[in-house]
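Lettered A, B, C, D and E in written order, each chain numbered from 1.
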Amino acid sequence: MEEYFDSTYIWESIPALLPYLKMTFFVAGLSVLFGSLLGLILAIMKLGENKVFQNIAHGYTTVLRCTPSIVLLFLIYYGVPAIAMNFGVNLNDMSSVFFVVITFTLQFGALMSEVIRSAYESIDRGQYEAAVSVGLSNMQAYRRIIFPQAFVVALPNFGNALLELMKEGALAYTIGLIDVMGKANLIIASNYNSHALEIYIGLSIIYWVLSIIIEQFFLKLERVFSKGNKGLKAA
Amino acid sequence: ESGTASSSDGDSASEVRTVKVAYDQSSKPISYLDDNGNATGYDVEVMKLVDELLPEYEFEYVGTTSEDLLIGVQQGKFQVGVKNAFWTEERTENFLYPEEFLGLSSIGLVLTNENAHIKTLEDFASEGFTLAPIAANNAQYTVIEEYNQENPDNPVKLQAGDQFSVDVIQWVNEGRVDGGVTIEGPFQKQVIAEDGPYHNLINDVVYNEFDVIKTWPLFNLDEQEFAAAYDEAIKQLKEEKKLSELSTEFYGRDLFEVLESVDR
Amino acid sequence: MDFEFLIDTFFVALTGVPVAILITVVSLAIALPLGFILALTRINKMLVLNQFSRVYVSFVRGTPVIVQIFIIYNSVPLLLASIFEKYNIQMDVYDVNPIWYALIVFSLNTTATLIEVFRSAINTVSKGQLEAAHSVGLTTVQAFRRIIVPQTLVVALPNICNATVNLIKATSLGYAMSLPEITLKAQVAANASYNYIEAYLDIFIIYLIICSLVEYLFKRLEKRLRKYQIAPTA
Amino acid sequence: MLEIKNIHKSFGDNIVLNGIDLKIEKGDVVVVLGPSGSGKTTLLRCINFLEKADQGQAIFGDTQVDLKKASKKQIYSIRKRTAFVFQNYNLFNNKTALENVTEGLIIGRKMTKEEANKIGKDALDKVGLFEKYDAYPGELSGGQQQRVGIARAVSLNPDIILFDEPTSALDPELVGEVLEVMKTIAKEGTTMLVVTHEMSFAKDVANRVIFMDGGVIVEEGPPNEFFQHPKEERTQRFLKRVLPEDYIYNI
Amino acid sequence: MLEIKNIHKSFGDNIVLNGIDLKIEKGDVVVVLGPSGSGKTTLLRCINFLEKADQGQAIFGDTQVDLKKASKKQIYSIRKRTAFVFQNYNLFNNKTALENVTEGLIIGRKMTKEEANKIGKDALDKVGLFEKYDAYPGELSGGQQQRVGIARAVSLNPDIILFDEPTSALDPELVGEVLEVMKTIAKEGTTMLVVTHEMSFAKDVANRVIFMDGGVIVEEGPPNEFFQHPKEERTQRFLKRVLPEDYIYNI
């Protein structure tokens, strides 16, 4: 094994890869933003009374859950312009980032709708009742009492969904987007496919460190926001 | 709307039309993104020369993966794509092949020295050897598949795989497989070149060419006019021996010398 | 859109289903018990194992599956080769069906997911259940087998379903290991004529069918296992 | 001051309230007793619109409201005149004790923070929680939480406070402290409608006891009469079951 | 029959049991009283090895066990001679009422299913649950669940049953049915060690009452004496707080 394995490739690849995290973050950031919005809308549909909306939202979640990201990515990347063409809109000049963001937004939205729904449902209905019984309006009750508590419940799952997204982002390379994964592939290609193992190890180290940072960050957030829920802090 | 295929009906010849040329960005030395982020490689450089000869066209190079390139050209996202593509009957339904080919590709078997006597796919197959997986969208895959269709009694064990996870030369040297298919360019750069990453294996592995094949740019089906313009330009380049120069530069050998014997 | 190709390729891709299912089933069969045991080591803070599973879970969860695939696919044979050489084992490392790599990758991956699933599920089963079992004279092993595990499973079921669906979807990345599963079969079929859109539609439909079916089966199973949790009727 | 007329409420086939009439004067302390499932909680919840009645009227002072068809505005205005103390406290988990009390004042009643804090601290002091202003619910014992709940209700200065078994989620030892607080408040003339199992509270503090069963009021009267000479057979059976044996012997 | 000597147990700095001695004869019904946090639960749990004591001896009939260093085998054998009734029932959620009772017999004692079912049904009949053999805990009321818990303990035919506040998680109305069952069992001569807040049970059924506070036994004696003439000031204070006011007046 020593014959081929050359760890210098690992250490050389890391600085070459790091700048491309920008693209990874950019895609993830936009997808999280739009995906959370979509998730919120879907969650509201699921929690609402309207059966049709409920079924639409649940159906959407099921379909998205059942579609491998790479397949979804291709369907969006080629399907959306094809459909748009029928309406006389030419999307072929759009950057591939656009389609990647749409894909991951759709996916993240499905994930988030479940996260938001379960967080909302985890808040005891008594909290809402108490809020209106002291004279808060519906909106006030949600804004001041329900949301801050549901937020804390949702945080860890949100963090998980974010991690998932960062990792899925690796697939964006298949449509030519150069993020860290794409750069790794380019490096390998420019070495004529040699020493791929070392480059991928370098790549995985970056992902790993990143995920640990995100995880810790969310743990911190959770601790900060859950101040009211800790039972044992002696007064 | 200069980007759409249908608008190319030369309404005014003075107007420069921008076309998107897709290239496989990870296929050194055929086409790739160099360390400075520029598109280069044999196929790309040829297209750059073509561009120079076509004042009414302005080429914009888009790097991508080969799969995306194929679908993108088909859909009209790109007007043309270069990825060392070979010609097959079925593909003519989805792509417009021009009259003139773009370059030549020497395709051969990578083998260990002890198997250096295997020169053809027939020999390889009769030995019962295993072959490194080839990405399904790679033309090499089609070449082997075609051989297998023509030789149903003596097929090569063909496996589809992924471009990045298979390092043909290393796999052959390790013995993970008995042989692999590759084109000559990369082998030159990896093993023969002094600074190649596998130069140390120069006495252990051999490259046995079994075919030289024409490679083609793939045009979107609606791009007849553009393809015709390309044909004019490339004819001129061939006459000027420009392509031979590029072949030598990128493949280490002027493949046009064996053009006579190329049958497809 | 080439409908004939669409339909033909659908059946070609369908022949990749058994491989996808095989990998899913075997990976689950390995990951379910292993995940449960490692979850226990984490809950009980068993020193070495606890640290090991933490690092392991963190790595697997922190890196993309496709990268794990590349690493395993490239490194395992190298490792094995050097081990075999050292101990003079006469076996061809390279005569290995890629399905073995797939099994390694996906088992490792699913185990990591299930460790976390079981960890939270076990925590929802109150400690009182174990104590009650002890108090009627069951040993710890008996208590786990008869009381704790059945209850944990029910709680964990939705998440196990999730993990299973993700696992099935992830097998689509098996193409990187030359695994003749659904995606690879469709891609190969598409190669001849470059009909990729149709191929991806086929893949989409097949995964949709399989995963919906799995979800449905899990819902049924959950309903059955949950029979003891019916709301009070009296 | 509060009059309820003919409340009906069913959940599916289950008729829970089957025509309840109730009149409460200012300063009254009315205790509602009844077996489990007799609709006591539902009655309180309907009065506060936490549950929508199928039929019925409520007359608050000079305003009359149809319990079924009340508009958002009417609901809102009635909720401002009532306060609710929940069995399981329902304190806002994400707010401190003081914030729990002031939330309704600042957001609901648009008071300034200073005013609200003053009222809130007074209310917490009154229930004996001087030192717990900044404690979160999770840091308080059950009895302390319920006292915050009472302070929250009292601070709103409502026309009537509705109590739903305010001590039944408490350990026996903590019951006393909450009952003490309730007595104090009752003595100050606050109007109260209390569902409870605490007979001693009913006897000592109530000026009227109501016994519900099967969705109707079976018997009502002043506590002395009610406990010592219950007229209805159903009431007698209930009292016998609820009061400890020797407790009855000793009366 | 059971003798406990000098149990000590701390959680971190918190000394919960500080040297408890206790002797229980066959047929005794001993009630343990004490304020919250005084270590009552911990005492029972240490006797049954649900908690490991820091120090102490237990003598069961002719076997003596060091509570700290007991081997797995000793623990197992002592658990076979005791049974535990938990405050919050702790029924096996995934088993029916009957399976809850037979689980320990079949798996722990290696009885055949028939034998176990017979014993189990007898036990359930005894606590008045003839018709609930196949109900899951989730389908039973709190009182019914606790009765299953008692049946589960009784069916093991242990030398002694340990009860930890078996009625405190119940609604007031359900308390009666569980106390009734406990009385029946006590009358059959079962040895019982009971932590409870139910004074009436202590008075009617116990032949000895123990008052714990701060990890030690403060006072003990027969119930009459204990309730009517408590000697220690701490005991008097406790009784005053726990018993309803007029209840004391009426004695």
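The rule is short, and it goes like this: a residue touches a chain if its C-beta (ideal position, glycine included) is under 8 Å from a C-beta of that chain, and two chains touch if they have at least 3 such contacts.
According to UniProt, the chain labels map to these proteins: A, C = Amino acid ABC transporter permease; D, E = Amino acid ABC transporter ATP-binding protein.
Here the structure is a predicted model, which means the values were calculated and not measured.
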Check: Minimal path length between chain A and chain E through chains that touch?
Finding: 2
Note to self: Quick check on the contact graph: shortest path length from chain A to chain B, in steps?
What the structure shows: 1
Checklist line | Per Cα centroids, the chain farthest from chain E | finding: B
Next item on the list: Round to the nearest whole Å and give the separation of the Cα centres of chain A and chain C.
Entry: 21
Next item on the list: Could you please state the distance in Å, as a whole number, between where the Cα atoms of chain B are centred and where those of chain E are centred?
Entry: 83
Checklist line | For chain B paired with chain C, centre-to-centre distance based on mean C-alpha positions, whole Å | finding: 38
Next item on the list: Averaged over CA atoms, how far is the centre of chain C from the centre of chain D? Could you give it in whole Å?
Entry: 53
Notebook entry, point to check: Residues of chain B touching 2+ other chains?
Noted result: 67, 71, 75, 164-165, 167, 174
Next item on the list: Mind pulling the residue numbers of chain A that touch at least two other chains?
Entry: 4, 74, 78, 82, 196
Item checked: Contacting chain pairs - touch in the sense defined above -> A-B, A-C, A-D, B-C, C-E, D-E
Checklist line | Complex interface listing, chain B residues touching chain C | finding: 67, 70-71, 74-75, 88, 90-91, 93-95, 130, 133, 136-137, 141-142, 145, 159-162, 164-165, 167, 174-177
Checklist line | Contacting residues of chain A [partner chain C, same complex] | finding: 1-2, 4-5, 62-63, 65-72, 74-75, 78-79, 82, 163, 167-168, 170-171, 181, 196-197, 200-201, 203-204, 207-208, 210-212, 215
Check: Once bound in the complex, which stretches of chain C touch chain B?
Finding: 69-70, 73-74, 77-78, 81, 92-94, 175-178, 180, 184, 187-188, 190-197
Check: What residues of chain A sit close enough to touch chain D in their complex?
Finding: 124, 126-127, 129-137, 140, 144-145, 148-149, 152, 227-235
Check: Along chain D, where are the residues that touch chain A in the complex?
Finding: 48, 50, 76, 79-80, 82-84, 86, 88, 90-96, 103-104, 107-109, 131-132, 134-139, 152-153, 156
